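Take a look at this one; I'll ask things after.
Labels for the chains are A, B, C and D, by order of writing; each one numbers its residues from 1.
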Amino acid sequence: MAQQERKNRILDGYIPHDECGVFGVYSNGGLHAASVCRDGLYALQHRGQESCGIAVSDMGVIDGRKGMGLVGEVFREIPADLDGQIAISHVRYSTAGKSVVENAQPLIMRYLKGRFAVAHNGNLVNAEEIREELAQGGAMFHTTIDSEVIAHLIARERVKAPNIEQAVIHTMHRLRGAYSLLVMSPTKLIAARDPLGFRPLVLGRLGDSWIVASETCALDTIGAEFIRDIEPGEVVRIDAHGVQSFRDNCTGKRRICIFEYIYFARPDSVLDGVEAHASRVMAGRLLARQYPVEADVVIGVPDSGLDAALGLSRESGIPFEMGFVRNNYVGRTFIKPNQSERKKSVNIKLNALAQSVAGKRVIMVDDSIVRGTTSANIVYALKQAGAREVHVRISSPTIHNPCYFGTDIPTREELTSNHHTVDELCKLIGADSLGFLKAESLGELIGEGGAPEKTFCDACFTGDYPIACKG
Amino acid sequence: MAQQERKNRILDGYIPHDECGVFGVYSNGGLHAASVCRDGLYALQHRGQESCGIAVSDMGVIDGRKGMGLVGEVFREIPADLDGQIAISHVRYSTAGKSVVENAQPLIMRYLKGRFAVAHNGNLVNAEEIREELAQGGAMFHTTIDSEVIAHLIARERVKAPNIEQAVIHTMHRLRGAYSLLVMSPTKLIAARDPLGFRPLVLGRLGDSWIVASETCALDTIGAEFIRDIEPGEVVRIDAHGVQSFRDNCTGKRRICIFEYIYFARPDSVLDGVEAHASRVMAGRLLARQYPVEADVVIGVPDSGLDAALGLSRESGIPFEMGFVRNNYVGRTFIKPNQSERKKSVNIKLNALAQSVAGKRVIMVDDSIVRGTTSANIVYALKQAGAREVHVRISSPTIHNPCYFGTDIPTREELTSNHHTVDELCKLIGADSLGFLKAESLGELIGEGGAPEKTFCDACFTGDYPIACKG
Amino acid sequence: MAQQERKNRILDGYIPHDECGVFGVYSNGGLHAASVCRDGLYALQHRGQESCGIAVSDMGVIDGRKGMGLVGEVFREIPADLDGQIAISHVRYSTAGKSVVENAQPLIMRYLKGRFAVAHNGNLVNAEEIREELAQGGAMFHTTIDSEVIAHLIARERVKAPNIEQAVIHTMHRLRGAYSLLVMSPTKLIAARDPLGFRPLVLGRLGDSWIVASETCALDTIGAEFIRDIEPGEVVRIDAHGVQSFRDNCTGKRRICIFEYIYFARPDSVLDGVEAHASRVMAGRLLARQYPVEADVVIGVPDSGLDAALGLSRESGIPFEMGFVRNNYVGRTFIKPNQSERKKSVNIKLNALAQSVAGKRVIMVDDSIVRGTTSANIVYALKQAGAREVHVRISSPTIHNPCYFGTDIPTREELTSNHHTVDELCKLIGADSLGFLKAESLGELIGEGGAPEKTFCDACFTGDYPIACKG
Amino acid sequence: MAQQERKNRILDGYIPHDECGVFGVYSNGGLHAASVCRDGLYALQHRGQESCGIAVSDMGVIDGRKGMGLVGEVFREIPADLDGQIAISHVRYSTAGKSVVENAQPLIMRYLKGRFAVAHNGNLVNAEEIREELAQGGAMFHTTIDSEVIAHLIARERVKAPNIEQAVIHTMHRLRGAYSLLVMSPTKLIAARDPLGFRPLVLGRLGDSWIVASETCALDTIGAEFIRDIEPGEVVRIDAHGVQSFRDNCTGKRRICIFEYIYFARPDSVLDGVEAHASRVMAGRLLARQYPVEADVVIGVPDSGLDAALGLSRESGIPFEMGFVRNNYVGRTFIKPNQSERKKSVNIKLNALAQSVAGKRVIMVDDSIVRGTTSANIVYALKQAGAREVHVRISSPTIHNPCYFGTDIPTREELTSNHHTVDELCKLIGADSLGFLKAESLGELIGEGGAPEKTFCDACFTGDYPIACKG
């Protein structure tokens, strides 16, 4: 019976926490919107590797294509039915719920006013509540994703609202949680960011055309100019009359997910004015100050530990070294379906550079310890390669709390840091010393040393949830 | 602009006429419901070759799998997640709308009461009207198929109704048109047939388990016993308490599609008491009486013309002969996407048996002339093979009207019979004489010579629509 | 160890008996040779459904494409690299050896004189012997098929011979067994038939272009004119100078496989002057004379039993009836990989037409009883459908011996007729009477009533092998 | 005609230069040889991404599987027919010839003594000559790869030799060029390295089992212990009696390809005693000495330029910085089929880290300039990101000559360095200065400062071919 319950839970998808990326194009002129989306999605692939999709509006007719797999697999060819002037697109990584193409985005829906398409990144806190309420009114759902809930609300608001942008603005009153949202009607591209701006969203320009994307790296990749961040709470409408901003839901507050800087965003992306690479280098500098140690070399666990390692090296003066070779033909550790696959892929993915560490006292920098096994494997590999000492430095604080805003973090029960002190953990992973970035210094990552009000979300570290969450 | 409108029309699917097949299993005992469905679908494959799907309920948890292609392709293996005790399944052939997997059935929907699945065969007359009305209430649609409209209505009725069977009964009040419907809740299998019984639907038993299927041939294939036809208007609920019938919507009327006998049903199927093969043999006998001619051999166009040819041979005493060889590795002519593919496949598909017809006066029997080109090609082939005369006999009347109940018939403008007299048509196809079954004798096909009230629908021949239809 | 030996045997393919089809085009003018091949292969698909391939010569450059599956699957699109003026092609059905694409044909080989391609239908008696001899000289083999052996011999002869046609003629001196062979050099198409003409091979013309094919039905399908059979022992060279015949290896003898008439060839094909359909009708007539019985209807097991059933009906005056419906969406029984799949597919493939046989005395005609199970299933189905008596008539004699010339016949141990008398067999399959065509009347099938010398091979029935064979 | 000639050339594969990787397992105990091969191939994937394959010997029966694509794609599942105790495997990257599965390795051949399998890395200088000679003797070829030539020779030698290892030893007398060769007979695994040791090959041990691999990184990945390099000219036989070495063809000379250190090998691999990473760091140090310049940061082009950048930074004292982010979801630039794809993928693959370079004088280190376009694009990107000066340093000398030993280097005509002086090139790529590693200092990369005899091949830089080559 327990198993059945679990099966129910998974099937019904009450826990669809997921990290995703969105990219949209409004073309004025000759751009092939879907092709630009493909190139943009390539740059956002690190935000989701499970499925992807592109929806286009061609002279007012909306159509789309979705598939399981990487962008390069699903869109090896851009099919002819994706011709069009407006397009929104999506990459998805799911941690719960079923890996099925129905759950891929963008969703294309037909309602009273015709068709529209929806894609979003983030996670609602009250999706289940809204879903039940909608169901009471007879609504039905094909998928287990929040986007369908949002689409339902927009459709209902649209009956009353004069246009789709107003429907989106009203819909936002009902949504609690994190979302960077793209909506495409036959003639408009709407972008909206939740009032706390948990997830990034930027506006760019390519010639006369407009781009919206999760990260600036996607603008760079297609050669577009960065215009500005979409503000927390802002709704932007792009249509034949140009770009129009609606700030009805803006409050002046902002609580961007600090994990975007630590891990999610690509290092070359600039989020709300701060380059991810720079904030990681800063994390390394802070670690050097917080946990000084005598050592011969500093190495980073590729790829995300390299930036912080460089910062630690600079601050401490201890030489930076390449400590590992990463096999680029295997995927990301953090983003793998289940634990057994995670374990096996560590050995295939990383190999220590023996001559860099043999006989040396090594400071090894990584971005996080979600589960302890991966770290233990890596420390073991360094010792096997001859490292005399291994001092582990983590460029984020210890994680104690789940995330309700779209980051895939295990339950409290599964989190290593809730079962072990740092000292215990140090022994468990076989390190000679272990230091986590102090939570109180997180603000310095984004240059917010002594700001009067916190501008980022660090709930997974501190439990300080910007929105009341169950659990 | 015209092209865009057309594209809109196709995309929005206002003309989703389609012929399909349904098959459901309620297992008491060890039957693997999905495997039984697969075998049943094999037997119904002639009703739809475009896509197929199976939905199962496993201990109350509903899941499913759909795909484009033949049953043997999509279900080469029955995946483990299709284990379960109850199952409904579907084969689909679409003539309009997009050939996409989203439009495949069964649909699995989530609503207030959890999940349910829907599959149906037939076409609603008022689907668009209901869809608009539902959209006014904020409903949204993912597909362009009637099943989604039916599912929406059931979900709304279910809020008020005490159980799903009552919701289905109430939903039927809103539906106008043809439907043989299967609904699966976590614990029940519901079968319903529209009040005029346009499409067939039968109940069978396999050991202690219950089967519902579009045609009896599916019962034979899996070794099940035929119990009875589901009556027009009847709703049957199968659950742990057995089979329960609800006849609230029964009126005593019946108007089964006569084309089921002429062409659609497999010859071995018995529909409302009449074997399709027997009614085709009878059509041949009638043709012999209605259009007597001196000839040396009677041949049928395989496969569906063979039965009528046999009847004509028996009635006339003219020897039956194999006139053609059919290439079994190519699909059905009538069921092919576009006209150019139809033409080419005729030559690859049929070849005249020269020695059977050379120097002879031939009566060639076919089941219909929808477009004239195919017939012209076949007559030409016989003459090339040496036939002295070719007298064409068609085992159905001339078609003049569209069908709104799920048969793929071209528009009035496209129908050959609306542009040419039979004499002109005879010349066009190069035949020496041509005779169509007289519409007034259709009743004899099903042994209803002088019935007081018509029990079948022949609207495509006569324009006598049992339900008021636009167009 | 025994298992390993068996694995060895299979892997090394000492028993690659297979039935195949070949088709070649030499285009003078605008024909796209590969496309014509595809249409021709469609018509020969009954000769092999496992794999297919096309090799072309484009301005002297030879290239090709092969794949597992039906022609319509492998050549859904004709790839651009198959442009060319000359082409040979092949469909394959293998009964032993591995079902791998390496074993598909045509083979394209590179040797001293450049490239050439080989495709053949038939089976050599001395392939293993030649293979060993070639291996002694250092030859190596990539596949387990006879074609590679033939290609090796041609390559060796070519070193000495002035041209490829002479190399083929000399190669034939070494080959013992059945083969209808196509060879393509950069500029020539060579067709050769073994000196006894076991397998059919015909020459046709389409406009100015030349066609060679296993059966005439392939000529009809592409609209080509039948010119003549290639004679046993003849080599035909087609090149820029037209068609040239070489009869060095002709002996005037002929021993075409009688099973081609009984089962293999498509009924509309004319082999060495006799239409397969006509010979099957004659088999039915002979059965009527050899085993008279009182009955109400004559039915045939589709498709290959229908022709003989018609003949039996005509000779006896007992009405012909459709006794079964055949599911065209499932493959041929005789041609299925293993026994368990054979059994299951019978029920899915055939269904008795109850009203045609209920309460009647039925004569059921089939083409052979290779294994008894299929027949027993069919008789059982008829009785279930209400048949009062079932008299089985088989349009071929009892099979007692293996075939070494390319027909897939089980070992002596597996052949039912070697374990049971006809009476026993009759009981085993549950029939009321059973009659096999008498072996001494086989000549009448091809109008060779009292010929001085046998012109066909009936070794599987009589053991009279035209060539000494081991086993 | 020219086009046809070209087509001929490509088809006949006279220029099959390719870089590949090999991996073999001889299991004593419970290792599943094919699974170990898969993990090993993962680590060698950088040596070839076009196709891969595994051949196994299971109790003396040899079988295999090959496919186009990455290891993770082709061997997502290890099929059951790859069970076995001995296995050899291969990854392939082809620069000429057809990308077809027939050309994938290992090749499995059948000859007088049964079956054997062959896989190799390298390129023969006299393959064409041997091929013609073999063809004179009647040999035929299915593929255009050198492995088939080697297999033919082994088969011929095997007729005279007492065992397969002797056949390999004798075969080596005929081969001129580069090869690291694995041969598997039913009971033996043979590894051989050409007498000059152009390509790496190492021996390892995993428990009681033996491993041979192109690089040590494959040993590390599977947790195997490095035993030693296979010596130039050495043949190693592994069978039930253990490891036996044959040094008949050893001459004491060695000429390993210096490009293995500069680019091909994974940085963590140790080749003939020198770690690739260390030799790249040394290249950076040499560049600092050879081309001193004032600058603010040193950056490397990922991934292969990073090591040398680190060396340059250390030697010069100028800070090392991350200058680029590399999109790991797109493949390697150097290894892409055609030029147009190379260009487009640069933008998608690399993005400058603006804040690292803006306003700074940058030293950018890359491993080579094969064609100038890629470098120009990268320099342009840095300037766009705000770099004040860009000084390009290349960790290899200018390339002037083709490679006949398996490295994919364009023709003399296509090589940028044969058309432009370094100064011109500097302008063409838009750099402020440009320096290539001096060819005379190459020896220092492998610690061979003033060795009496050159132990590496630098022919592509110097034209000093260790073996006489045409062209």
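In the analysis below, contacts are C-beta pairs under 8 Å (C-beta built on N, C-alpha and C of every residue); 3 or more make two chains touch, one makes a residue touch a chain.
Keep in mind that what you see is a predicted model, and the values were worked out from it rather than measured.
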Minimum number of chain-to-chain touching steps separating subunit A from subunit C: 2
Intercentroid distance (Cα basis), subunit C paired with subunit B, Å: 37
Rounded Å distance, subunit B centre to subunit D centre (Cα mean): 61
Distance between chain centroids, defined by C-alpha means - subunit A, subunit B (Å): 49
Junction residues of subunit B, two or more chains touched: none
Chain-chain contacts as defined at top: A-B, A-D, B-C, C-D
Subunit B partner contacts - residues on subunit A that touch it in the complex: 4, 7-8, 11-12, 59-63, 101, 107-112, 114-115, 132, 135-142, 144, 151-152, 155-156, 159
Of all residues in subunit C, those that touch subunit B in their complex: 39, 42-43, 45-46, 49, 70-72, 217, 220-221, 223, 266-268, 270, 275, 277-278, 303, 306-307, 310, 314, 319-322, 324-325, 327-330, 347-348, 351-356
